[in-house]
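Once you scroll down, you'll see the structures, which are given as structure tokens.
Two complexes come next, and they have one chain in common, chain A, joined by chain B in the first and chain C in the second.
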Partner chain A sequence: MAEVEKTIEIAVLRYRPEKDTKPVSQTFEVPFTDDMSVLQGVQYIKDYLDGSLSFRWSCRMAICGSCGMMLNGEPKLACSTFLREYYPGTLQIEALKHFPIEKDLVIDASDFIDKLGSITPYIVPAEPRSVEQGEYLQTPAQKAQYDQFSACINCMLCYAACPQYGLSTNFTGPGILALLHRYNADSRDGARETRMEIVNSEEGVWGCTLVGYCSEVCPKEVDPAKAVNLNKVNSTMDYFLRFFASGKGAGK
Partner chain B sequence: MSARDPYVRPMTSWWLKNPFYVRYMIREATSVFVVLYAFVLLGGLASLVKGETAYNAWLASLANPLAIFFHLMATAAALYHTVTWFRVSPKVTPLLFVGGYRVPDGLITGVQYVIAAVLYLIIFTVAWT
Partner chain C sequence: MVYLLSIKRFGYNQQKSSLTYPLETVTTDLVIIGGGGAGLRAAIAAAESDRSLPITLLSKVYPMRSHTVAAEGGAAAVTQEHDSLDYHFDDTVAGGDWLCEQGVVEYFVNHAHRELVQMEHWGCPWSRRENGRVNVRSFGGMKIDRTWFAADKTGFHMLHTLFQTSIRYPSIHRLDEHFCCDLVVEDDRVQGAVTIEIASGQFVFIQARAAIIATGGAGRVFRQNTNGGIVTGDGMALAYRHGVPLRDMEFMQFHPTCMPSTGLLFTEACRGEGGFLLNKDGYRYLQDYGLGPAEPSPRNKAMELGPRDRLSQAFWHEYQKGNTIEGLHGAYVQLDLRHIGKKKLLERLPQIYEMAVDYQNVDPAESPIPVLPAVHYTMGGIEAGRKTASRLPGLYSVGECSSIGIHGANRLGSNSLTELCVFGKVAGEEAAAFAKSAPLGAAGTLRKLAKEIQQRTESIVSNNGGTERTADLRSEMLKSMEEGCGIYRTGDGMQVTCDKLAELRDRYKRVKVEDTGSAWNTERLLVLELGYQLEVAEAVVHSAIKRKESRGSHQRLDGFEERDDENFLKHSLAFYNGDDAPRIDYSDVSITKSKPDVRAYGAAGEKAEQKNERSDNG
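Let's look at the complex of A and B:
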């Protein structure tokens, strides 16, 4: 297909810790064709215009979750968004909101990674079975209970969409709570009680005020807002069950 | 020595920076009108307890143009809240399946709109006649 080459203006918010005290915008003229992604545009800048520009990417096919950036203020995967959507006009690129900027478009994800490790992000068998006893069986209906929540690629777009996380990183946040629910909703799992402690805590689902933007920006239709908010119902039931079980208020 | 110096961006006036946030803030702000309206109703109840003159005075106060303006504003706020709340309500409902198929969020919201519309109609007809 013969493509007409056009040029788009891309303004990148840069931050070079060794010389910038705060982020500054730098504009580049980038030639592009209709089949080029924003990631390819950024790669063009690095290859031909300014080799010092830093950003993350790997798969180029919306599955590794490393290329999340703010594109004109919206959190998106740079590899699955086309430059042509922003033409004519200026495309403003900024590192994912609500995370500290390490350099240019690279954010510090350690808070997310730490939280990911804290939720027992694996199945703890409800009843241990030996290899001879065979696999754990699950009906399609049981699988459907957690399926969508298992589609998360840890891209953190939902964190960049969540003002509550931006205001306080104590909040566990949408993606991790969705993942937590993915394991709690799995019929084979037996660690629900441990995870409910995180759900019920101040930093858990109650930190959410149902802005709902997380579900809007999620590239995998995980619907983290749903996972968080139906766990408010679970958390309330949990509280009352323990209340009645102990005959008094449940501590936390 | 580490050259790291991560930059944390400020959150000042965050809610103005995305139309989605603005709509959310309006949804939250509508609750102010709901509270104020609850006080108006409470005043009505209190006057009813006090007797006929007090109640009539309360009714008359509602005819004040300012009171009418407030009620129009409160109606608009309540409508906005209803519409947007029903839209997010599927987020609170557990995953529903009918005949093995997931009930879509849009249907959950739609059914609530229909129920609300029917109820409003009934209430208006009863109040009018």
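Let's look at the complex of A and C:
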């Protein structure tokens, strides 16, 4: 009961640092069936057409966050996007935008990883509690405050979508600001003040110009734009609270 | 002292196209190979046991890409008042068809709850009850609801929680995207590892006083599997090549509800939340296989909440009877979640919902999902004692790569996420203690060994005159493993696979590598991974062919249909034997308080339990 195989043209932007002075496009003819993902398409190229093509992948089910690529100009996960969506046209695949290319479809993720490590991405307990005392209580309503923002798979599609990050990589960026908010909004955490310094800084939420494309491309409905907007409110409140706390507001 | 590399990741000028890199050296006290849940938990435990101990954590991907990320259902620990540690022990040991190390299981169930609370303190977003306490759900083969969960992304949340928490510890130095080629063994103990920095192709020797392998399973030796591409048995092969046996490798778990073609997983929690398995007539066929009666919602340890081996075997029988549905990618049955309702599906099983819609164009609230069994978990692994140590001094293992003995012949779902917490902690503490007591080896001698490993590795992956395509060798291996070593096995079928693997190992020597570059040469890595896979696959099938009985996930059709405690209540041990097939030996199983008995589920299981309780009381 084999399905009729069709052939799709895939143009991959290659960059081999030891060979190419700049990226070049290479076109492959890839046979496919309707249930084949773009990832399976590039795997076919690697296995049977050109073993030197490099890309990251692992889980195949949109949870490990490895296989973000630009597909016809849009940042997407290759494993959960299907070749049929691009047939009969040509599918153009490029490395994620706004990141330096290491080779072919592999980008340098170190800026993202460094930023992740810089925002205190863990619980600093608001109240100490020993393991013997059991779990912290957290109601479903309290959990709902950060739930959505804890779903980020670090795929970096939102960075490829963010025009501000494209202009300057100093901007903390959508995914990491969402992660920062995930911890700030967690009832168990007590390190909000430390993180608000990042939120308030020039590289923090005020770098965002409200394009909202980050949330559109997010494969996990994390809605980083919402996290950024909530923190613009928080940052403003924070500013006034500090203003009054410092006594500058007294007597007016 | 740890000397971290400052590696130039970019720039044409820094790259060398030939394979004549010098060997970089990093000196550390403890090297951990694998940055998934087990490796991260071990790293944190080691760091907490001694903040000044230098730890190097290697991962061939960024840690949050590790396959722990794909675990869906949950983590087991006795939590409710009416549950007991003995129940969890009994479920696990009977579930494993009495091939579990009972002393180890006892330690495991005793420490499970504490470790999950620890994960909660670190921020893991466990699903909650209205009162704020952690919620639990039903899982296959578990008598009482005791599975902690974070929607249906439990592994994802545990992995990210551990990864992010590990950032708190400055003594954990990560080498992300480093591929491990070999262990350095000298003076009869492990003294380091050799890796390739994937971005540059640079070889790095990590000199250490102790090592923990935490590289995950080997599900990718089978064609249809739930595993990520990285699950290629690397660490198992590394230990195996250095004389540490792989234990109980014939026990591969087939998960009964996977996506046809890709093998992607639909968590057991689908059934824990009330899902049904239906054959082509819409009939809940499990009632015909000693799992009934079929009640309106699956009861613990019955029907859809029976253990995975039994459910996968029932699928095979339904196929033989012509009761499955023929699809594009072979026969399938139906996972029916419609009666659960869209609202609850989106709350409890959001990822499952999304996968069915995106990958199969099926709305689970409207139609049943086509499913079939696929390889999911490697029950066996690197032989390890209760404290995670192997028989090679300085070498520890934890997680799916390890055979510490809690899964026996069939793992119960939700025991392995707990395992990586409980024994990750043990491994970190034990290996740290060993590292502190072990002298630092002679750098010159070790470097020379590392250099030899580098040369050996280069000779495998720079075979320009090779004729064999990696993808061909790999797909022949996958097909042969599926055909000869699947849910039901025969001696003849397994012999064909043994012969095929021997042929493939020979052809592997003539493997072709087209990419001659150094930066991100993933073709070389695929070749090295295939080398690991072929050797681990051999350990699986040679252990299987010698086990002339049926137990847990190892079921035979050629005159050995029954469990044979007299001859085979023992662990198999596969020893590496160079180019030849592995040598198979056996070791005793520790039986402390549960004597082998009939494994019964459904109504028969309840009857047996009542009888046992009466005799306990009497």
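Keep in mind that, in the parts below, the second predicted complex is superposed on the first by the 247 of 252 C-alpha atoms of A that agree within 3 Å, B and C clash if a C-alpha of one lies under 4 Å from a C-alpha of the other, contacts with A are read in each partner's own complex, and residues count from 1 in each chain.
The definition used in the following text is that a contact is a pair of C-beta atoms (placed from the backbone, for glycine too) under 8 Å apart; a residue touches a chain by one contact, two chains touch by 3 or more.
Remember, it's a predicted structure, so these values are computed and weren't measured experimentally.
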Partner contacting more residues of chain A (chain B vs chain C): C
Touched partner set for A:Val211, first chain B, second chain C, both or neither: first
First (chain B), second (chain C), both or neither touched by A:Ile153: second
Touching partner for A:Pro100 - first (chain B), second (chain C), both, neither: both
Partner chain(s) touched by A:Pro125 [first = chain B, second = chain C, both, neither]: second
Touched partner set for A:Pro140, first chain B, second chain C, both or neither: both
Where chain A meets both chain C and chain B, residue numbers: 17-18, 100, 102, 108, 140
Residue ranges of chain A in contact with chain C within the complex: 1-3, 16-19, 21, 33, 35, 46-48, 50-52, 54-66, 80, 100, 102-104, 106, 108-110, 113, 116-117, 121-123, 125, 129, 131-132, 134-140, 142-143, 146-147, 150-151, 153-154, 183, 186, 188-189
Interface residues, chain A side, partner chain B - complex: 15, 17-18, 22-23, 73-74, 97-98, 100-102, 108, 140-141, 144-145, 163, 166-167, 209-213, 215-216, 223, 225-226, 228-230, 232-233
In the complex with chain A, residue positions of chain C that touch it: 9-12, 15, 17, 61-62, 64-67, 69-70, 114, 117-118, 120-123, 125-134, 153, 156-157, 160, 164-165, 167-168, 176, 199, 228-230, 261-262, 264-265, 326-328, 351, 354-355, 358-359, 469-471, 513-515, 517-523
Footprint of chain A on chain B - complex, ascending: 3-9, 11, 14-15, 17-18, 20-21, 24, 28, 88, 90-95, 97, 100, 102
